[in-house]
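These notes open a run of structures that come right after.
One chain, subunit A, links the two complexes that follow: it is found with subunit B in the first and with subunit C in the second.
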Partner chain A sequence: MSVIKQIMWDEWRYWQRTRLAITVIITGVVLIVASVIVNAIGIQHAKHEREHLQHAAESRFAEQPDRHPHRMVHYGHYVFRTPSPLSIIEPGVDSFTGTSIFLEGHRQNTAMFADQRQSSGLTRFSSLAPSFLVQVLAPLFIVLVGYASITREKEAGTLNIMMTQGVSKRHVLTGKLFALLGAGLLLLLPMILASLWASFRGESSLVTGSYIVGYLLYILVWSGVVLGVSALSHKSSASFAGLIGLWVVLCILVPRIGSSTAAALEPSPGKLEADFAVLEELRKLGDGHNASDPAFEQLKSNLLAQYGVETVEELPINFRGTVAQYSEKKLTDVLNDFAEIRMQEELSQAQIARHFGWLSPAVAIRSFSMIVAGTSLETHHRFLREAETLRFEFVQSLNKVHQDKLDYQVDMNRSKSAETSKAARVDASNWSVLSSFSFVPEAGGVRLVQGGTYGVQLLFWFGVVVLFLNLAMRRMSE
Partner chain B sequence: MREEMVVASSLSVTFEQHKVLDGVSFKVGEGEVFALLGGNGAGKSTALKSFLGTVTPSGGSASVMGLSVASQIDVIRQKVAYLPESVMLYGHLTGVENIEYFLSLAGITSAKDKIESALKRVALQQDAWYRSLSNYSKGMRQKTAIALALLREAPVLFLDEPTSGLDPSAIDEFNQLITTLASEGSTIFMVSHDVYGACQIAHRIGLLDKGKIVGMFEREGDNPIDTEAVHASFSKRNG
Partner chain C sequence: MISFSDLKREAAFLSKQRYVVFFLLVALALSIFSVWSGVAETRAQIDTIERLLEKDAIDREDALSKQSDYGSAAYYSFHLTYSEPSPMAFAAMGQRDIYPWKHRVRMLAIEGQIYETDADNPELSFLGRFDFAFLISVLLPLFVILLLHDLRSSEREAGRFDLLIVTAKEEKQLWLSRALTMSLALALVLLIPFLIGVLVTGASATEIGLMLLVVLGHLGLWTIITLFIGNPKRSSSQSSARIASRLLAVWLLFTVLIPVGSDTVINELVESPSGGEIVLTQREAVNDAWDVPFSETWRAFLATHPEWESKTSMNSQFEWKWYYAFQQVGDQKAAELSHGYREATQQKDTVASIVALFSPPMLTQRLMSSIAGTNISSSLAYEQRVRDYHASLRSFYYPLLFNDGEFSHQALSGMPIFGESQANEAESSD
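And now, the complex of A and B:
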């Protein structure tokens, strides 16, 4: 053990005295620290802002004066997705899926960005998210620091001297691996601290613990790869070229190939195409604003029969409100069908791309990181579904108010004069039908189960690296 | 009979179909200074490396302290000290740090004053002890490596051209050192192309030519081996 420690210490001393490695490590750590801080501030700000906007939207809705209930259906409402605690490290899909939705009757709007500062310098820097830096740049830093760890000793002949002091290859490799892991841990440290902070901000410690373990495995995998290649190479230049090539393939090419393959295998119809298909379906449903639309004949005769009356005027309820409810339900079913199909397509694409985690640890850690952090496509879809549920509920509640609390005749006469229009209103206390919205990611356990496959991918890579290092040890020339 | 510390029996080494050692046999006893003498490319370093496990024989066998190189090299490496032909130490460390580090790899923690007295013994100038090795001359590196080999306190020392790079007075001091070590019981196996130096200190000299032992010279009593005789035999083969 003490020999391994000596070798590790000497490696650190070498990095420190030759300055190159230490410069690389410090640069990396500073970059990651800066990114963690900028992101944490940005996310914290966004969180407060969205909570505030959510609250403001709810109050604004509740404070509307007496009105015709259908005007409130069109007045609409906003919901905001508050960021998950770990999104300070891993913004995931949050950075391109939009975080707020305008909810109104008869439509499902797409998510937009809530923040106005979208293109400011701060947010542009935050696209260098800590997760990106650790997933893509940290391996490059480890390559720069470690590519010569064994070849340097071979070239200088000192590996031979080490061996003739009775040191085994296993000792040399283990000592150098620990040294390299130390550098990796330094790069990981800002992220570990940020995870602990997320834990402190309400994330479950099981989640942050697993999250950190996932990244530790990733760093371990890269340290092992770098060391193994250095052990198998005869010259530092060959080791460097090989590792840079490997980095380009694993961190740049395979992820790109993954998403291209996903897009090719699971093509999603264009937005316009999908919109036309929806419109086509909706046209068949009739216009819910027009109670005499022939599409509602069946509904009308059923109702008249149910109440045993001859005309809609005789009904104890406001037929226009009934139609609004009926048509909103039909329309929502159609919209939901299309939305589910689209989400399923997006998810299949994402899953195909995630299979490439068996080909690259960078893909594996990316999937794992997003899912566990609660910034994955799955979480976004849940936001869309919850927002839709809220939309449907408040629209239908208003339609029910329309049906039950506004007289049909008064309603029909609403556009005759200023006087009649004033009469066709309901009390503002009815606006309390809107329930408050607060979005939280799935429970920690659920996210860990969802991310399980990608945790297994990381373990698979860990196994591959252990085998690789064993091979490197046996094949390592002195 | 003295203990046999270093034994080669019918040792052969082949590099890419080229027979570098061809059935070499010799024995070195405890406390003996044995020098393998030969011209450039005779196979001296290869013979020496065969005992350290960094060269694999194609035939025959090598053993150190009764341990087979083929099967027990890890044990052997802990018991012997090796001075390579071109000294490989770390430029990022000082002379003292180099010695400390490599000793620690051998599982030895040596006190500073012990290291300093070893450096004094090999006559490395004192102002260099705590300076970076990257500014050392070849001779200074050689002395540092010899000090390291001494501090290993190994019963067997393998020295490859130990005096190359040393100035004449340093060579004299070195020869003195080897004689003392041997009288204290250390076994020394060295290879050299310096006929005069070898004759000064060796108890026995094996002449190696084209991978074969072509002559053996032995000291009679306390007199050094006859330089003339060795030289004649040596230059007959090396022109």
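And now, the complex of A and C:
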């Protein structure tokens, strides 16, 4: 044990002496600290802004004057997605999806105003997100610090000396690995602190715990790769070139190749095109604004029979409101079917890209990190679904008000004159049917299950690295 | 000067270096992949537009055939607008995955429709595409660094250094011709797939020339940077790995630190109205119109359309001309915010173009997407074309609505179609 410790200390002392390693580590840590701070402030700001806008939208809805209930269906409502606590580390798809949706009757709108649409366009490759720095740049830093950890000893002949003094290869490798891990942990430290802070802000500790473990595995994998390559190389220059090549492939190439492959293999038709199919279905349903549409004959005769009356005028309820409810339900079913198909398409597209995690640990940690942080495609879909639930709920409540609280005759005469139009209104107190909205990601346990595959990918990489290090130890030449 | 025979000798030497040959093959494979996926994606986009055009026309005809007044005709008919990928778009997909390139609009307030985005899968956008522009702007510098950082030290380590120096006419020339040969070989493997892609999509000679210039310029720059930092006078005692570390630091500075730092600063500097504000304003204006006296809507409408002053009398509590008038007024009320929003996007882009002067990879990427017509300005130009088209719809329908003539399907046949005639107008007004 003391031998390992000695080797570790020696390595650290060497880094301190040569300045290169220490410069790299300090640069890395400063960068990550800066990114955590800037990002945390940005997310905090966005959170407050969106919460504020949500409250404003809700109170504005409630403050609307007396109106015809269907007018409120079209007046509509806005919902905003508040960021999850861990998005201070992993903003994920947040800046690429819209963060607000306009909800109204008869339509499912897309999310609007993605941050990237209002950005300088400079951050398409890199971003200041701590996750980017740790996933992509930290491995580079570990390479720069550790590429020569074994080759240096070979070139100076000190490895031989250690061996003849009875230090085993295993000891050398373990000591050096701990040294490298130490550097990696320093890089990870700001992120770990930020995760703990997120825990403080309401994230479950199971989630933050697994989150940190995932990143630790990732750092461990890279430290192992760097050490293994160094052990297998004869010269520092070869180890360096090999590792940089590996870094380019694993951290830069594979993720993008994955995304391009997914787009090419499973091209998604897009919402606009799917909308035509929706329209076709909807035409069969009839227009809910027009109660005399033949599509509602069945509904009409059922109602007349139920109340034992001859005409819709004799019904105790407003038939137009009934039709509005009926057709909104039918329409929503169709819209939801198509929305689900579309989300499934998006998800299977994303999953193709995520499968590349078996080819690169950087892809594995990225998927894991997004899902666990609650900034993944799944969470965005959850937002869409919850927004839709709210939309359907308030539209139907308004339609019910239309049915129960507005007389049919008064309603039919609404366009005759200014007076009849005024008469065809209901009291503003009815607008309280809107329930308040505050978005939270899936429960921690659900996210961990969703991210399970990618956790397994990380473990797979861990296994690969263990085997690799074993191989390196056996093949390690002097 | 470097003679042709020098280059030939170096080329013969390189072709025997297994590492170099392997490296070049990998670069070739990557270039092929980037071009293939780019071409596949632009193809898919063009096909999508074709299918949409077909469905759009059928859908509109179907919707119009059921109408019996102009107001409903305008209400129920949607119009497809789109921006086709240029023949060069395969090389630089630019911002096309974030900014929409297709919309369906109708004659309601445009501010309520234009922000609807049929964007790509956000997770794929987040991961980023592997297009040719990415290969050239981000990866090419790394290739150059990996290939050229150890020109001298690798010879020294191979034990050929002294022999080489003795046999060379001039030392400097030897390294220069070797670096040049490697760069040219790299250029060749990267550009051949690109040129094949260009043949497939049929880009213009000017665009091809400009693109080549950008690629070669970026390659040349990194060759010079690498030779400069690896210069023996500056780093005689440095190991090849140390030189490469320095070069990587330069790469990091240019590719990550400058863009990311400037982005943060730009977002602080440029004030932009929030998008939500625009649609809220528009919605309030449009919805309030139902509750305010008609005269108020007419006053705001006539301020911009005085020609209809004599036609604003109403026979009912609902008339289509009034309905579309308050849609117009809604747009007018949100106009200032909307303008500010677009202005801010433009401004950020302008500042970014200055920042890019200090970051060669960013500059390369911006130039490439500008040649390919996939940059932010192109997206904004498309948005403007949609707005112009929407305006032309209004000027088509207003006479029909206000003059109160008999409805005829014949009159609707003159309806403006996106992309026709209007494209020329947009160009002449630029």
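For the reader, a short list of remarks on this structure follows.
Here is the rule we use: the second predicted complex is superposed on the first by the 461 of 478 C-alpha atoms of A that agree within 3 Å, B and C clash if a C-alpha of one lies under 4 Å from a C-alpha of the other, contacts with A are read in each partner's own complex, and residues count from 1 in each chain.
Note that in this section a contact is a pair of C-beta atoms (placed from the backbone, for glycine too) under 8 Å apart; a residue touches a chain by one contact, two chains touch by 3 or more.
Just so you know, these numbers come straight off a predicted model, no measurement behind them.
With both complexes brought onto subunit A, simultaneous placement of subunit B and subunit C is permitted, the two fitting side by side without a clash.
Here the apex is the CA centre of subunit A, and the angle it makes with the centres of subunit B and subunit C after alignment on chain A is 90°, in steps of 10.
Of the two partner chains, neither subunit B nor subunit C is touched by A:Ala62. Look at A:Thr158: by the touch rule set out above, it reaches subunit B but stays clear of subunit C. Contacts of A:Leu246 after superposition: neither subunit B nor subunit C is touched.
When both complexes are overlaid on chain A, the residue A:Pro267 reaches subunit C alone and has no touch with subunit B. Which of subunit B and subunit C touches more residues of subunit A is settled by the count: it is C. In the overlay built on the shared chain, the residue A:Val466 is in contact with neither subunit B nor subunit C.
By the document's definition of touching, of the two partners only subunit B reaches A:Gln6; subunit C does not. Once chain A of one complex is fitted onto chain A of the other, the partner contacts of A:Val456 are absent, as it touches neither subunit B nor subunit C. In the superposition on chain A, contact of A:Leu304 is made with neither subunit B nor subunit C.
No C-alpha atom of subunit B lies closer than 13 Å to one of subunit C in the superposed arrangement. Once the two complexes are overlaid on chain A, none of the subunit A residues touched by subunit B in the first is touched by subunit C in the second. Looking at the complex, you find that subunit A touches subunit C at residues 20, 24, 31, 38, 49, 53, 57, 60, 65, 67, 71, 74-76, 78, 80, 92-93, 95-98, 100, 102, 109-114, 116-128, 137, 140, 144, 147-148, 235-237, 240-241, 244-245, 248, 252-253, 255-264, 267-273, 275-276, 279, 346, 349-350, 353, 366, 370, 376-377, 380, 414-418, 420-421.
Within the complex formed with subunit B, the residues of subunit A that make contact are 2-3, 6-7, 10, 13-14, 17-18, 156-158, 160-168, 478.
Against subunit A, in their complex, subunit C makes its touches with residues 30, 33-34, 36-37, 40-41, 44, 48, 51-52, 55-56, 59, 80, 95, 98-99, 102-104, 112, 115-131, 134, 137-139, 142, 145-146, 150, 153-154, 157, 239-242, 244-245, 248, 252, 255-257, 259-264, 266-267, 272, 274-276, 279-280, 283-284, 287, 290-291, 316-318, 341, 344-345, 348-349, 351-352, 355-356, 362, 365-366, 375-376. In the complex of the two chains, the subunit B residues touching subunit A come out as 52-54, 74, 77-78, 80, 82, 84, 86, 88-90, 92-93, 101-107, 152.
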